[in-house]
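As written, the chain order gives the labels A, B, C and D, with residue 1 at the start of each chain.
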Amino acid sequence: MRNPVLTASGTFGYAEEFEPYVDLNRLGALVVKTITRLPRAGNPPPRVVETPAGMLNAIGLQNVGIEAFIRDKLPYLRRLEPPLIVNVAGESVEDFRDLTKRIGDQAGVAGIELNISCPNVAGGLDFSTDPNLAYRVVKAAREATQLPLIPKLSPNVTDIAAIARAVADAGADAVSLINTLVGMAVDVRTRRPKIGNVTGGLSGPAIRPVAVRMVWQVARAVRLPVIGMGGIVTAEDALEFLIAGATAVAVGTANFLDPTAAVKVIEGLERYCAANGILDIRQVIGSLEIPRRSDQ
Amino acid sequence: MRAGVAFNRSISPAYRHLGLAAPGFPPAFRAGEFVMIRPTGVGDPFLPRAFSIYRISRHGDFPVVVEILYKVLGKGTQYLSRMNVGQEIEILGPFGKAFSLPDGPMQAVLVAGGIGVPPIAALAAQIRNSKFESRKLEVFVGGKTAEDILGLKDFEEAGAGVHITTEDGSLGSRGLVTDLLRPFLLRPDASRLTMYACGPPGMLAAVARLAEELTVPCQVSVEANMACGFGACMGCAIEVRAEGAGPSYRLVCRDGPVFDSREIVWR
Amino acid sequence: MRNPVLTASGTFGYAEEFEPYVDLNRLGALVVKTITRLPRAGNPPPRVVETPAGMLNAIGLQNVGIEAFIRDKLPYLRRLEPPLIVNVAGESVEDFRDLTKRIGDQAGVAGIELNISCPNVAGGLDFSTDPNLAYRVVKAAREATQLPLIPKLSPNVTDIAAIARAVADAGADAVSLINTLVGMAVDVRTRRPKIGNVTGGLSGPAIRPVAVRMVWQVARAVRLPVIGMGGIVTAEDALEFLIAGATAVAVGTANFLDPTAAVKVIEGLERYCAANGILDIRQVIGSLEIPRRSDQ
Amino acid sequence: MRAGVAFNRSISPAYRHLGLAAPGFPPAFRAGEFVMIRPTGVGDPFLPRAFSIYRISRHGDFPVVVEILYKVLGKGTQYLSRMNVGQEIEILGPFGKAFSLPDGPMQAVLVAGGIGVPPIAALAAQIRNSKFESRKLEVFVGGKTAEDILGLKDFEEAGAGVHITTEDGSLGSRGLVTDLLRPFLLRPDASRLTMYACGPPGMLAAVARLAEELTVPCQVSVEANMACGFGACMGCAIEVRAEGAGPSYRLVCRDGPVFDSREIVWR
């Protein structure tokens, strides 16, 4: 990776949507929209709605399915320079194993992100809210590939560190977090949910404090690299995650506002390093200083 | 891309006309295409809003001014309504699939309701400016009251026959656009017409039913909640007719906003 | 209660701070800042910081302690017309029982809110993240008073409905939710946490979608009245909660922006009812309509 | 309370002077009191920001204009810097405990650093306008560069002796305010002086140390992150000296922002 800035799954399409606007080869790595075994039509509209400093989405993992992905999307993605991380979601432990195997066997795939935490499909959340289930999914995937495995964790849990430890034990190479917080909004005129699926996933700057906190907790709980995300729009936002212990960051919702957002974050990090005499951005990782108080 | 407000004027109590000087914006567009507009930085509103391109013009010193018409409703349009000349804003586009015109003479029936006027007015201008002199144009415009009837000057300039309805009868005839549209379409050569419609969902559904009933080809420009506008979020789904089990969706921002009215599952 | 709008604990001081700005007697009920057994100095600064559409706080339950409260604050509060709900927090099950007993014996107290979910004191969160502990706390308090008992739930849990069921089983009369989400922010110039306590509680409009979702889940899970809160600034925000199933709402962070916020919400609800031909705001409660789809 | 921008002008590259027409605002204030300012509605910035009242004046047709001086730094002040005349904003106040003046003649030493000038300038005016003609005034103003030195005209008008330091020597003598303050205070009657200081934390701590060392009574106006400004959130704590175990805090918005310098635990 030439820099620690990735794209968050589901917010960067299959990358080609962004080609007209941005030099894709400047990105640290590409993470593409979740792929499932079979094609999925997705959820009924409305699928997105704005909330204060954020948005709710319930896309429902609309995707072309793994075979069409390999056939139609992978050739394009393979030609791009940044490492490609494919994100997969299964409905069962076996599903995850099979998807991992199938995608892991393809040339040009640098890593696999396991979406064990999609809140918008029935059952999708469960894998990441129970350490045992999370362990089993990652373990099964681990046996199916040598590629780096990156489980993606849900923030909708009491103890994120426990989940992180479970997937670390199962052989994960890194973890990424956070996926969206489950939320809901009501149209008071129609008295209906603003999202067709009733609840949706909350993303954007609104959730950044929760995300930074969880990244900090996980970075202290496990020895794995953490890919931090949740509300990153600017380089300053990204730095919060890096300082809190993330090894890399992903830009999500911000891509919708500005397709060049991730590249702007990269440039901003370069400026921060230059301005602060930092030779390598990695020096920033985990550099949080907690003032000690004599009286505390 | 950063743009500056060139003008932002009231055109009726609830509607405004905004011109954004955007030097790098492509100076040509096709009716139906839209832009995404939002405050600079992380603002409030947070997400960009979609607006149909009404016109792209030169204006004073500005070589490229993207013009939209908007109705002041919620957060996004209230924000726009407070913008002063010279203030900055973010604009992205043009996006979307435009209305498609046959490559030859035609007889077009344009239908616009409320804030559906801008793309329809753009279409009228596009038809008038095309090389086919023999193109004929009838426009049906509807709204709640006289104040909701926009674009009359544009339609006249395009040489269209204009039919106006308002729900309260304050301009044109009292009723819905379809009240005038149905008798107009009840003619032997109806299938040689092409309808183009943009407006509130209820109106579009009624127009689509009429088109289906009378087998008039009809293109509609629809709306959906959007987060990005360029196919990245998959948020702007609309259900389309498809064989097979389960629903099928297309993206309004990329596969639309203009669809063949028969494609859509109207609710 | 003359209307369903309360003040959220910790955001309305002991009410007297608001007297210069607002007619306190217009409020549905008054909920005052958490009281503990002994006085607490609170956390080291910085204690508050702005975040996108919200704020983090780690006040650390600074308060005068129950005896000083009874002596110095209660006489004033008792003279006000709205029912008074006193919020208490203990460090143990026994603490909660004793506090409940002591406060429940005072004249002029209409109900007791049990803060089993303060994220900013060591151990404070635990009571509300474990159904068994939550049950025990509420059970002990139940045995100490006849007054309405309202446990306040934490959103930092995997399954809010389970916690709600536990406190319902223990004899709670209502539940209030949500308390703040645990969050964190980093000053990238100093590389220090922006909150002295490192983490803090996230409140304000940013969290409203999470709050509405949890209120909806809890209202369907238990038969108890739900007091909904989290990011309410306007009457429209309050209506989201009521429609989702809340019996009453509380205005929190918004009081800081505008000391008349709660009264403005009350006035807005009245206008909404008038405009929509609603004779009693209670008709709105739980009126969420979920469109059925033939194809779902 | 809703207020309208009466003026909003640049007074140096980084500092601006804002006047808010607020008809219902109390027309009198005491130096050290502050207001909370934020966008109308739920805006961005979300929380109000505290600003010392610099002056309250009549201005044109407006009977009560609350004036502040501000430095454009982050979200809040960038927002302010974009406000145009006539636009609306929310203002609450006045809040806080003001500087306290002895009820009689006095010899005041005012110390201001950077954006600490507004309350100190207000204090200078208040001292000048008091009934005690014999009050004496020396002012020490410091900043990074000449551009950070505000209020010189105010101090002159108040008849003060003015001592300027800048860190780069671009105005006055090069160094920190305390470099000039220490020799000035090294005089036999030092304990008959009263110091009043406002500025960055480092400066205040240095001034407080000096005051303690030389036993000069000293009032400081301090800052803290604030959510409300009127004692409701308990967010603006500052540690104060206290007997007994554990730290003790007071609220900057209610118990301050002006404190006796000996009360504070300086870090």
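Rule of thumb we're sticking to: contacts are C-beta pairs under 8 Å (C-beta built on N, C-alpha and C of every residue); 3 or more make two chains touch, one makes a residue touch a chain.
Every value quoted in this text rests on a predicted model; they were computed, and no experiment measured them.
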Given subunit B and subunit C, the chains that contact each of them: A, D
From subunit A, the most remote chain by mean C-alpha position: D
Gap in Å, rounded to a whole number, between the CA centres of subunit D and subunit A: 46
Euclidean distance of C-alpha centroids - subunit A vs subunit C, Å: 32
Centre-to-centre distance between subunit D and subunit C (centres being mean Cα positions), rounded to whole Å: 36
Overlap residues in subunit B, where contacts from two or more other chains coincide: 42, 44, 246-247
Shared-contact residues (touching 2 or more other chains) in subunit A: 44, 51-54, 204-205, 293, 295-296
Subunit B partner contacts - residues on subunit A that touch it in the complex: 10-13, 17-18, 21, 33, 41-55, 57, 59, 62, 204-205, 233-234, 253, 255-259
Complex interface listing, subunit B residues touching subunit D: 42-44, 82, 84, 87
For the subunit C and subunit A complex, residues of the former touching the latter: 44, 51-54, 56, 129, 156-159, 181-186, 188, 190-193, 196, 198-200, 202, 204-210, 212-213, 216, 231, 236, 239-240, 243-244, 272, 284, 287-291, 293, 295-296
Partner subunit A, residues of subunit B touching it in the complex: 38, 42, 44-48, 75, 90, 92, 224-228, 230-239, 246-249
